[in-house]
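Listed after this line are the structures, all set down as structure tokens.
Look at the two complexes coming up: chain A is in both, with chain B in one and chain C in the other.
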Partner chain A sequence: MLKHLFAKEEDIPQGSAGIFFAISSICWFIIGTGLGSFNAAKLGFPDFFHGSYALQFGHMRQVHVHAVIFGWIAMAFAASMMYITPALGNTKLWSEKLGIWNCLLYNVGLCLALALLWSGITSGREYSDHIWPIDLYIAFVMVVPWSLNVWMTILNRRTQGIYTTNWFFAASMFMLIIVFLIGNMPEFLHLTGLNEAYMTWWFAHNVLGLLITPVAAAITYYIVPKVTGNPLYSHRVGHLHFWSIVVFYSTPAAHHLMSSPLPEWLKSFASVEGVLILVPAVAYVCNILLTMQGRWTMFVENIEIKFTITGVLLAIPLNMQGGFQQTRAINWYIHGTGWIVAHAHLALLGFSTFAEAAAVYYGLQVLLRRKLWSASLANFHFWMLLIGFSLYWISMTIAGLIQGAAKIYEVPYVDVVIAEHPYMIVRWLGGTMVFFGNIIWLFNMVMTARAGDPVPVGRQPAEVAYTR
Partner chain B sequence: MGWTFTNPLFSLATADQNKVAQDIWEGESLGGIAENNNPLPRPIIGLLVLTFITANALTFPLYGQRPNAAIYHDYVSLMNSGMVQEQMNDHSISHNQANEKAMALIENSLAQFDSPYTFQRIQHPIDLDQLRIIAPQIVELQKAGADLEQYSVIGDKILKANFFNLQPDGTIIAKQPWWDKGYMISMFYFFGFCLAVIVTVKRLPHWSWRPDHSIAH
Partner chain C sequence: MAFREYRIGCVMFGVALSLSMFITIILPGIDISSMSSTKIALEKQLTYGWETGFNYYDPFLQGKDKPIKVTLTKDPKTGAAIDKMNAYVFPPGTHFPDGLTHDNILGGNVQVLSMSLGEINSASEEQGGVFTVDESEDGTPYIEYATITRGWTVDATLKAADHQSLAGSGKTMFVREGCWWCHTLLPEQTQDWQTFGRPPMVGDFNGESPTTFGSDRKAPDLLHVGSRNSSREWLTMHFFNPRLVQPHSIMPRYDYLWGKTDADGKTIDLAAWDVHYLAYAKGDEVYPPIVPTPAPDSEARMLIDFILNLK
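Moving on, here comes the complex of A and B:
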């Protein structure tokens, strides 16, 4: 990376920024899930490793969340955008040099941000935990250059049309900047009380709804037609998906605060919009699964499709669950329980991670022009991820329902802790499986870069995946 | 940008515009990816309509709220009656048996009368020990002339409900409205969205046109 920082733009190989972002994202995924596994161990085995201020659960939870969201998820998105955006415009990335600087400063900024969280310097607001200088760094040093590269690549495309994936990429980056700057207003302007609570959850909801969900979906809009060779089922359903994400995902923030003294009309409105998140979900899932017509064998045979379609299938319970969890009828019972944690992991470790993993697998093979070093290790990684995630999701769902019942029936807290214990151990086991699977993944990708067989010019990695 | 409204459900774009769109659609390869022009399957449209109806129906605040103190008012009156007190203080049987018998008496009596709270009582059952704890607070509020529907039962406490139901005269009633302007806003929002999406997709070539992907690929 370092040798390209001061090189001329034309001397930097195309795809360099995408490769650096992709490798960084896998490293951050290992760090993030390692921290998650450590945190889960502290919950599963309360006597495990205590006494260190910096390694207390309260610090570690924040570091885990931000390592995963800003490290793994966002950097996998950046990697995807750095190679998919130019590919769809039949052009090259606007500036590889900017991309490489962006990747370097992104990693530096993230290390700094996590170090501050680790040392207890935090805003204290969930998901928008960073202090304002870090917020500004993230917005203007990490996100704006990344967005600029995406927007300028689209503007400089050599096609008249813009494919669905690029609508989502461009719009999500625009919405992310707005969400980040407005959602952090409590930190910038010292807002308190309900204003602080609402803005905090407006930020948290929209980071997921206007960045993570649409970009993960956009990736699958690329991977499935590209790898299967099928045309996307419907351009017009893509329109329905895109606009319903913008309209229905941007408004339900108040459903995170259903028991707060926010105005009732705002909560009612947010709750209806929360269920209507099913509109983009149904449109999206239908569009992708119908694109798979005649190619379903690839769900078994092809690693990118296996990851992508698993992610798409997980979007179904994700949206069904999320849409109804926030209604008054259910929220009173489950608010603040582990089921919400299970839901958050279904979104981030289920749906979006599987889509991003597919994009990183595919992207690295395309950019390096090398086929996977080991398809078996990739399959092993897939199953470690899927089984580990499923253990986590199921155990936390059960634990959350126990907590909900205990909350309503006012069961003493210590009894709840005892009842939760087996599920906390399963949670740790699932998270640890994901962590070890990711180490295998990094090894496989490093070996792919070093010793993977070259993909012949004009061929797709998927076409030669099983040839020797 | 030309518009045609002669057959708006078929297309809002002129024939020339549709021809240009079709040429681009078929003649251009977007990174090797092609797109079809299929409509949303009809069962899926039905599912989306069902989603909207469900969204409104499920979010009405009918279920799952904390019980208000009014639903237990009759319980308290009956608990303080001589017949129930006698049953409650029957020391020839165990405390739990006495409670169950006393509660059965109360519930049998309540079943004789229509009440607007029948549904909520089923939603929020109570036992005699809990009733003993909240009864003095309900009696106090009643003596003070409070509207019990504006008070929530939260564990062993009875507190003013956390609702701000603003009235036209500016007063606030702490009761959950069954309908509020949030639902009205969501309806306008949804229909506005539908209109905008219909306009957007009707500007595309009609779904009966199938692009030929062999031209660009």
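Moving on, here comes the complex of A and C:
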């Protein structure tokens, strides 16, 4: 990749940026889940690895969160956009060279950002933990060039309309930049007090709602029709999904602070809007599952569909939780407990990661024009992820319910800690499975690049998956 | 091609997003900003200073640029005995919290009184000064610039102080060490009154940054921990190794906040301490090793001051 940095645009093979982003994302996935597993071990066995003080839980937790969000999820998004956007516009990426520079500077910036967080240099705000110089770097060096590539590719498309996936990509990148710059106002402008607290969660909510959820969905809007060969069930429902995301997902930020002294009208408003998130959610899930009509065998046979549809199925409990857990009736019970951690991983490690993994699997095969080196290893990876995730989700949900019960009975807190201990261990085991699965994945993808069978021109990797 | 066919869509998108931001940022912003500070907010601002997260004046989060909270029982100027009270000392150059430098933070009458009775407008960061929190007859709290109103200088106040608390610097440790990933500073309105104490009110946060409520509770809420547990000895042992006092705790050890030497200037050997501790944990030794007393300028001292100050 690096040899292309100073090459002429015409000399850079198409898809280089996509490959670079895809491989980086897998590496960050390994690093991020490794850190997660380490943190989980610490919560199970607090004296595990003591003595290395840099490895304190309080220093490493946010490093895990940002490694998986910025490293894995966002880079997998970038990789997907770098190949899906041009494919849908029947054109090539606006600038491969920009893409490669973007990816390099992205990796460099992320390393720096995580190193600073690790050493405790933080803004003290959850999800906007990065200090403002890093925020500016992220916005203008990491995100703006990436968006530019997406927007310009769409503008230069050679098709009449814009397919659903591409509206989502273009709009989400725009919203990301706006949300990022406005959400970090507390730091840029030194906002204080409840304004600061509220804006922190405004950012956290919107970066999830306006970047991660819609882009992950947009990816599946591409992968499912492309691999199954079925047209998208309904573009109208796609419209409904898009517009209801913009309207309903951008408004409930205050539901993260239901038990804080924010103005009551704001909490009620957020809670109602939060339930309305079910509109895009239901529209989306139905649309994808109906697209599968007649091709359900592929759910078993095809690795990309297996990942994608599992993700979409996980979106069902995710949205049911999301819609209702922020109403006053339920929120007080589960707020601040392991339930929320379970929910966060259902969204990110469940729904979104499965969708992105499919996009990266598919993208690398298409860009390299090589068939997956080992379908068995890919299946193994799938099951490690699914079982690992399920262990994580179930154990943390139970831990959360225990904590919730403790709220009612007001037991001494340490009894809660004792009761949660077994679940902390299960969560650690589950997370570690995910980590090991990912190492296998990287190996499989490296072998695919080196030794995968070429996919004949004009054919899909899925069509030749089982031919030798 | 471009987005031509999509003009209406783009306009609608812009309108929808702007409206959403108007409702979720501008309106709450106006509402929240109109809240007057409570006494708690004034005390917090004066305890924590300008900014506790990353900033120019303390880029590595070492607890610099922070005021010192002192307890007084005699008047620093005259030496006469007074009722026990707190004062907040800003050595010259220490940055002031927003409430002292912006007119719209304290809110309504609090601002008016702080300027008229409290004379806060004559304070400057270069000179530093001493502040107190008072209440007017009708119960409105306000900040008083005691250097002008009572003639208390920085040096005299520090000298007259019975006790100096580095709670401001301690909050920096709280942020840097990520205590807020496990502990919250926000008893919940619905059920925490009994166990963790009174939840905060709207006006309790004016001027504080960051607020570090925490969102994820794996440990007791700390907002009022100083009221239920005010033993410096217990906290010292607990921070050095929580499992000395609470065998089931999952809290990390914070022994490295002690620095290289203890209060008596003796070198702290964490590895040797550990050998004895492990022997004790196994039952080979009867007593646990002694926990060193933190040096007065150590980060551990700052953190403990912060915790004890959470009343």
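Miscellaneous remarks
FYI, the second predicted complex is superposed on the first by the 468 of 468 C-alpha atoms of A that agree within 3 Å, B and C clash if a C-alpha of one lies under 4 Å from a C-alpha of the other, contacts with A are read in each partner's own complex, and residues count from 1 in each chain.
Quick note on the criterion: contacts are C-beta pairs under 8 Å (C-beta built on N, C-alpha and C of every residue); 3 or more make two chains touch, one makes a residue touch a chain.
From a predicted model like this one, the values you see are computed outputs, not experimental measurements.
Contacts of A:A87 after superposition on the shared chain: chain B is touched, whereas chain C is not. By the touch criterion defined above, A:L43 lies against chain C but remains apart from chain B after alignment on the C-alpha atoms of chain A. In the superposition on chain A, contact of A:V275 is made with chain B only, not with chain C. Once the two complexes are overlaid on the shared chain, A:N379 sits clear of chain B and of chain C alike.
Of the two partner chains placed around the shared chain by superposition, chain B and chain C are both touched by A:V247. Once chain A of one complex is fitted onto chain A of the other, the partner contacts of A:H190 are limited to chain C, with no touch recorded for chain B. Once chain A of one complex is fitted onto chain A of the other, the partner contacts of A:Q14 are absent, as it touches neither chain B nor chain C. Legend: residue contacts after superposition of the two complexes on their common chain; A:Q293 is shown touching neither chain B nor chain C.
Of the two partners chain B and chain C, more residues of chain A are touched by C.
Once chain A of one complex is fitted onto chain A of the other, the partner contacts of A:L232 are limited to chain B, with no touch recorded for chain C.
Overlap of the chain B and chain C interfaces on chain A comprises residues 160-161, 243, 247, 251, 259, 261, 263, 265-266, 269-270, 332, 410.
Chain A contributes residues 42-44, 46-47, 50-51, 53, 56-59, 61-62, 119-126, 131-132, 155-158, 160-162, 167, 171, 175, 178, 182, 186-187, 190-200, 202, 243, 246-247, 250-251, 253-254, 256-257, 259-263, 265-266, 269-270, 332, 335-338, 340-341, 403, 407-408, 410, 413-414, 417-418, 420-421, 424 to its touches with chain C in the complex.
Interface residues of chain C, counted against chain A in their complex, comprise 1-3, 5-6, 9, 12-13, 16-17, 20-21, 23-25, 27-29, 31-33, 35, 41, 51-54, 59-61, 97-98, 105, 175-182, 184, 186, 188-192, 194-195, 199-202, 204-220, 242-243, 246, 248-253, 256, 270-271, 274. Within the complex, the chain B residues that touch chain A are 24-25, 28-41, 44, 47-48, 51-52, 54-56, 58-59, 61-66, 155, 162-165, 176-177, 180-183, 185-186, 189-190, 193, 196-197, 200-201, 204, 207, 211, 213. Note for the complex: chain A touches chain B at residues 84, 87-90, 159-161, 163-164, 222, 225-226, 231-240, 243-244, 247-248, 251, 259, 261, 263-276, 278-279, 282-283, 286, 290, 323-324, 327-333, 410.
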